[in-house]
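So, here come the structures, one by one.
You will see chain A twice below: alongside chain B first, and alongside chain C after that.
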Partner chain A sequence: MISSVFSWLGDGANWSGPDGITHRLVQHLEYSFGALVFVLIIGIPLGLYIGHTGKGGVAIAGVANALRALPTFGLLLYLVIAYSGNLPTDWIYLGPALFVLVVLGVPAVLSNTYAGVQNVDPAARDAARGMGMTGMQVLWRVEVPNALPLIISGIRSSLLQIVATATIAAYVTLGGLGRFMIDGLSQRDYAQMAGGAVLVGLLAVALDLVMAVIQRYVVSRGITGRYALPAASADVVAAESSVSV
Partner chain B sequence: MKRRSMMFATAALVSSLALTACGGGSDPLDTSTSDSGSGSSGDSITVGSANFPENVLLAEIYAGALEAKGVKVSKKLNIGSREAYIPGLEDGSIDLLPEYSGNLLSYLDNKATAVSSDEVYAALPAALPEGLTVLDQSTAEDKDVVTVTKETAAKYSLKSIGDMKGKNLVLGGPPEWKTRPTGVPGFKKNYGVEFKEFKSLDAGGPLTVAALKNGTVDAADVFSTDPTITENGWVTLEDPENQFAAQNVVPIINKEKASDAVSAALNAVSAKLTTENLTSMMGEVNLDQKEPADVAKEFLSSNGLS
Partner chain C sequence: MIKFESVVKKYPDGTVAVNGLDLVAPSGKITVFVGPSGCGKTTSLRMINRMIEPTSGTIWLDDQDTGKVDASTLRRGIGYVIQHAGLFPHRTIVDNVATVPLLLGRDKKKARSQAIELMERVGLPASFAKRYPAQLSGGQQQRVGVARALAADPPVMLMDEPFSAVDPVVRAELQDEFLRLQSELGKTIIFVTHDIDEAVKLGDQVAVLKVGGTLAQLASPATLLTDPVDDFVAGFVGRDRGYRALGFESGQLDPDTEQTVKLGDDAAAVGRAARDGWSLAVDDARRPLGWVRAAALAEGKQVTPELLHRGGTLAPVSGSLRGALDAALSSPAGRGVLIDDNGALVGTVTASEVVQRIESQLAGRRNGSDG
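Entry: the complex of A and B
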């Protein structure tokens, strides 16, 4: 079984063409990052607003957490069956698929963003105001940099969920890596099915590593504690922080 | 064996007690016993079914017909796919199940070439595992049919699958159609029909219905007993080359349980079943949301089988 999965993955013929792994991988990334863009557009500003003003936290958090309980697959089928007649041809399947991925991804980003902003040390916030910063300056110069580790970890978990769940797009005629899992299952080609699952897993891990690297360079060293140190101990600190990301 | 059936009876009793309050009609793990005919013909028969509504309905019809003849029946419905229930038939945990001749034959013998109704039925006994047999087949068939909307049929003057040749249509079907001889390769081989695109849908399910309605596919795989065909006035294309093997509804049963009384009761059901009345019963189950057991009862009483 395992060797047949590897031979499926290793067969060059499976990588090329419109049904090939390369094309499916690109599609999978398109769905995932397409959804992530909307997740960020919705989740980040809303999270910053709630965190900064403290308004609407209970209501929005309640809604966001309720959305987490929605069964994504069921929602997708419902949208396709109920609304496919009203959508332009290109969006009949893509629209509902992106929508459910956005619904899936928003809660993690939203709640991490506002929790991050809310939990900024009040002393730092007060000091910034005392220095004469405006509300916007406090937000962008103090709250966002301090909340960044939490915001990015929200984006990471959202991306992870979206990449793993984007497989269901294949159920509604679309492509992506889910195509291999669904086709493999119904064609009783289990090497293809398991191969697809392995690829999704690898893709999720790889993207998470990329996000970890981004987090390391985007978050201020004042927050992570990675100050420039004498050359002798720099390597040790680097090793420590790579473990902690 | 005895011990196992004791355990099963106890489990069934417990679960039926637990489920009486909520009806439990469609729970896949539901095993309910019914003791209506005092067991005059000796031991009881366990009726199983695959996990889709039509098969459950047929199993309810078999069970009702047997009960009417005083056979003790227990039900184990919604078991799963052939991979799950054929072993169950072989080891005796279920005794009787409604099957479809063509799919059963190709499951048992993947080299089988029979496609017409009679050929398939004739080939079945030899292919069946020891201890199992089939009774009379009905004329009711639930098979794949290539279905188009009335508008598409008129626009391209489609009557048979072969008429789609050179029309550059989009085909929708279950994912396995991409590679199987019943799918895209078969259309090319049997009819010389090639499609502009193949879209993977569900096998005759809600996605297929939606795709035909919204026009993302021109032709799609629907099952012949699907009431949405008549409901929407869709056109089913003829299959003169028998690309889709016959799928007559036929009872598959453990030989030991197929007494004369049991066989007679089930053959009487098969004599009355047709694709048309099965389709209209499925309309009651799928569109009017009636319980399969109630629809089965109506069928039996209106055909003098209860």
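Entry: the complex of A and C
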């Protein structure tokens, strides 16, 4: 059974054409990143605002939790049925699909962003203000750099959820990797169905790795604790070698 | 000069933290706010740079009403040091120090090279420049905090318990260096502490605040110790204030000449130099090393470092009578060792000689100033 999945994945014919894996993969990425862009546009500024001002945190936490509890699939079907008449043709399915992915992705980014900002050492924030930074300067020069690990991990978990859930687009006639799962199911083609699932998993892992690399480069060493090697400074090297003698 | 004019701070919950504070902190001097927890020290301090807005009253910075300038602009001209340093974890030490110059739009390279000079000035090696705050000890972080506050060379510094989160040894070190730095820089400083000893050591003048946010006494440290204005201040400055006030009492002592020995001298030499069975060993620059008990040296034996008794403290001859008395009381020979600015021996005094000096000075003052 597993070998049939591999042979499905390994068959070059399955990769090409409008129904091929390559095209579906591109579609899947389009849905995912399309949704992620909206998630970031909504989640980050709102999270920064709440974290910086301390206003509205409780209300937003409630809304975010409520959003998390929404059944994604049910919401999608409801939106398609309720709004299909009011949307331009191209968006009848795409609109609701993106919407549910955004609803799914916002809570993680939003709550991590505001938690990240709120958790910044109060003494550092106080010092920043006390030295004459304006509110915006405190936010961008102190709060955001220190909140980055949490903000990025919010984006990562949001992206993982979106990529995994973007398969539902296929339920409403759209493409993406979900197609293989649905078509495989209806055609009782186990290899295609499992192959689609494996591809979604691999895509999620690959994207998370990319995010991990980005995180490594944008977060300050002072926060990650991966300090530059002592070799950077001649006198530290001298001190260390004298200790080891 | 910083001037508080009937300043009141009432928090929204009704707490009156500062109640009608009138006070002048003169330019170039250290004014210490001291008092029990919750008496409004931090609130008073933070109203100066408008981290907290006064409910009523005015705070003047020279002839500028602080309430009438943009808060950020005001703060960029005032150094600010807090208890837990509040360094920026994501920035290297040199960039932490250069924060305000960079905010003011100064040239990056120049700001950094000045920051490194400042680091050395506050006792941090330049090799720390590329480190991050988490790689420094608490005391070192506090030094960075001071350097950062000094970076734009502000005439005024506000310091809220800057040395209270480090151990007593490091604290004493930081205090000494702070005083040395201030003698070079001559900033107008408001320094908050709850430690009366720190207040007395650092302050040119000390403001004792009472819970409820009122000023109990504003005086020089010596006056505070010798002449507390009420029971609250007397209780707050503490029990052995009479002894501690001696720290501000300097007086001309008349040290006795001391015969000395050197390392390697033999028992006969020690015996010749000894008075009351003890003689003082010094090095080639006449810096005291310790006391030798003549009886401990067998015939023909030499003075070795192991034989030295180092219990006695050394008092600068130009220092306070408290130091001299302490030197006498702590000396195993009963004679306190006085040294000059280079650390070389001047002579010795006994406790009773110091006490006589103290008594005659105090008596002179009692008769002279009649009240």
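Basically, the second predicted complex is superposed on the first by the 230 of 245 C-alpha atoms of A that agree within 3 Å, B and C clash if a C-alpha of one lies under 4 Å from a C-alpha of the other, contacts with A are read in each partner's own complex, and residues count from 1 in each chain.
Criterion: a contact is a pair of C-beta atoms (placed from the backbone, for glycine too) under 8 Å apart; a residue touches a chain by one contact, two chains touch by 3 or more.
All values derive from a computational prediction rather than experimental measurement.
Trainee: Pick one for A:63: touches chain B only (first), chain C only (second), both, or neither.
Mentor: In the superposed model, A:63 contacts neither chain B nor chain C.
Trainee: Answer with first, second, both or neither: which of chain B and chain C does A:172 touch in the superposed model?
Mentor: After superposing on A, A:172 lies in contact with chain B but is clear of chain C.
Trainee: Determine, under the contact definition given at the top, whether A:183 touches first (chain B), second (chain C), both, or neither.
Mentor: The answer is first: A:183 touches chain B but not chain C.
Trainee: Between chain B (first) and chain C (second), which does A:205 come into contact with in this model arrangement: first, second, both, or neither?
Mentor: Neither partner.
Trainee: Can you tell me whether chain B or chain C touches more residues on chain A?
Mentor: C
Trainee: I'd like to know which partner A:89 touches here: chain B for first, chain C for second, both or neither.
Mentor: First partner only.
Trainee: Just checking: does A:81 make contact with chain B only, chain C only, both, or neither of them? Give me first, second, both or neither.
Mentor: first
Trainee: Same chain A residues contacting chain B and chain C, which ones?
Mentor: Dual-contact residues (chain A): none.
Trainee: Along chain A, where are the residues that touch chain B in the complex?
Mentor: Within the complex, chain A touches chain B at residues 77, 80-81, 84-85, 87, 89, 92-93, 170-173, 179, 182-183, 185-188.
Trainee: Across the complex, what residues on chain A touch chain C?
Mentor: Against chain C, the touching part of chain A is residues 121, 123-134, 137, 141-142, 145-146, 220-223, 225, 227-228, 232-233, 235-236.
Trainee: Please name which positions on chain B make contact with chain A in the complex.
Mentor: Of all residues in chain B, those touching chain A are 172, 174-176, 178-180, 199-202, 206-207, 209-211, 213-216.
Trainee: Mind listing the chain C positions that touch chain A in their complex?
Mentor: Of all residues in chain C, those touching chain A are 49, 51, 72-77, 80, 82-92, 99-100, 103, 125, 127, 130-135, 145, 148-149, 158.
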